[in-house]
Amino acid sequence: MKVCEVMTAPPVCVAPRVPLVEVTRRMAECAVGSVLVVENGALRGIVTDRDLALRGMGGGMAPEAPVDAVMSAEVVTVDADDDLQVAYRAFRRTEVRRLPVLDGGRVVGVLTIDDLFLDVFRRLGDLLGPVAWSVLQEPPGPTSACGGPRVL
Amino acid sequence: MKVCEVMTAPPVCVAPRVPLVEVTRRMAECAVGSVLVVENGALRGIVTDRDLALRGMGGGMAPEAPVDAVMSAEVVTVDADDDLQVAYRAFRRTEVRRLPVLDGGRVVGVLTIDDLFLDVFRRLGDLLGPVAWSVLQEPPGPTSACGGPRVL
Amino acid sequence: MKVCEVMTAPPVCVAPRVPLVEVTRRMAECAVGSVLVVENGALRGIVTDRDLALRGMGGGMAPEAPVDAVMSAEVVTVDADDDLQVAYRAFRRTEVRRLPVLDGGRVVGVLTIDDLFLDVFRRLGDLLGPVAWSVLQEPPGPTSACGGPRVL
Amino acid sequence: MKVCEVMTAPPVCVAPRVPLVEVTRRMAECAVGSVLVVENGALRGIVTDRDLALRGMGGGMAPEAPVDAVMSAEVVTVDADDDLQVAYRAFRRTEVRRLPVLDGGRVVGVLTIDDLFLDVFRRLGDLLGPVAWSVLQEPPGPTSACGGPRVL
């Protein structure tokens, strides 16, 4: 199984000089936790919501500061054609939770650790067979609220 | 979560003097891989299909030999009221794959390692949320045969 | 198994009027992704690094704005004494990834979705027995860098 | 990741005319639950300990009967070169728990469902990182007996 079969594509990208506040808007709109920083089709870095908070606001930067001031320029990447195994290994050896996916040097997607948790779940379901479905206690779709956990 | 919420009940039981060949029939009828050996409500042992083959046929026993000749008399058990954690620990520390479940000394069920693989799967599904359903690639019910693995 | 056996304690807490920028520092120091907002021992809300970025900086707030302006005041909680099952259900039914843990109304810890992924892993390891260790490919401690994934 | 990276090799094989009682001995010696039936290098079938008990003893066969009388002649197989994904799919779509592995038509190994449970465990460990080790509660090697589950 290849990275390109599981990745999310296309990725959400911004240019290096885009202001931090604009990046927060893209993250909210696209419901993502990280954005790739790309220039002329080449990956320059990655920035997470945590980077914006801790390095941006925490570092005393103005909301108009450019995103390349807080991005991580050292990025662990995988190739679209790589076996998924390469991505598992990357998550084991690093602290990152998202891997930009390249194809011939061009950014084509993102693979998150959550994508691979789903891969693990699917594999486990394969091994357990049809009975696996019977233990999933709530159907897909909006979940019922009754009898749930306490809300403050 | 308690053992009694996950166990299979009632268990398939036979008396100690039941012939091996009769036990093979009960296993086939009930589609189980092990049978509890019970006398006057008390657990005397457990016998698996493997025991019937290796200790029974392999040990030169006649099909009319009594099941207590091949059963395991040392049985790891759990209580119906035990936290599921006790069962996980039992599987970690022993080689067994089935645990008879007792309630006040009386046999009330069996907990198999497959029941707990399903418990693990359900927990993982809980953590992943509704999106988990989307990755299960075949619906419940008879599975499609097309495009499947090779059959000799 | 109870929530208090798996939760992280004590939790990182701040008062409602603490400035956003101070919260970013606490998150960095303590290496956490969320902080509980507590007043006179009572839970008032929770704030994540994402809230600071998207609602704080993205909402045009100054770094000196008080944290209660961006926190989530509706918080799903569990009790320290609850069976872990209650926490699994909470994660299934909500989008949250952290649950403050209460004991008699007082905040005593936090249970994250990552704590429960570890719980799932431990259970699976229990079922697989000692052989499970043999497949974990790298020892604990700093991981080797050689032969790893590409770094930009 | 390919089937040949995870399979057990070489497989335990017997000829079609080997007596059932001899097969039980091979299973005991090699600590396996199934044996491949092979003739002139070609796979003819597979036989499990359960087949020996239920079809053999349960079917009234003598211990000297040949194994091909109880083996399953329809066997789901995978190729050594197949992506592991093919094996997951085979387990999802069939009831089998062992897949003979072929290489150019020749039998070279067996892939069991337990091999893939270990694969799932390893992947989950990769995603959780070094902290995963800390939750595995007992070291490799002989497990401690104290404080364990009840033994009858």
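Letters A, B, C and D mark the chains in the order given here, with residues in each chain numbered from 1 onward.
The rule we apply is simple: a residue touches a chain if its C-beta (ideal position, glycine included) is under 8 Å from a C-beta of that chain, and two chains touch if they have at least 3 such contacts.
Note that this is a predicted model, so its numbers are computed, not measured.
Novice: Measuring centre to centre, with centres taken as mean CA positions, what chain is farthest from subunit D?
Specialist: Looking at centroid distances, C is the chain farthest away.
Novice: For the interfaces B-C and C-D, which has the higher count of C-beta pairs in contact?
Specialist: Ranking B-C and C-D by C-beta contacts puts C-D first.
Novice: Just give me the whole-number Å value for how far the CA centre of subunit B lies from that of subunit D.
Specialist: It comes to 18 Å between the two C-alpha centres.
Novice: So, what's the distance in Å between the C-alpha centres of subunit C and subunit B?
Specialist: Distance between chain centres, rounded to whole Å: 37 Å.
Novice: Could you work out how far the Cα centre of subunit C sits from that of subunit D, in whole Å?
Specialist: 41
Novice: At which residue positions does subunit B touch at least two other chains?
Specialist: 89, 92, 117, 119-120, 124-127, 137-138, 143
Novice: What topology does the chain touch graph have (line, ring, star, complete, other)?
Specialist: complete
Novice: Along subunit C, where are the residues that touch subunit B in the complex?
Specialist: Interface residues on the subunit C side: 1, 83-85, 88-89, 91-92, 95, 113, 116-117, 119-120, 123-127, 129.
Novice: Which residues of subunit D touch subunit C in the complex?
Specialist: Where subunit D meets subunit C, its residues are 114, 117-122, 124-128, 130-141, 143.
Novice: Mind listing the subunit D positions that touch subunit B in their complex?
Specialist: By the definition above, subunit D touches subunit B via 20-21, 24-25, 27-28, 33, 43, 45, 49-50, 52-54, 56-58, 60, 63, 73-79, 86-87, 89-90, 92-94, 99, 117, 137-138, 143-145, 148-152.
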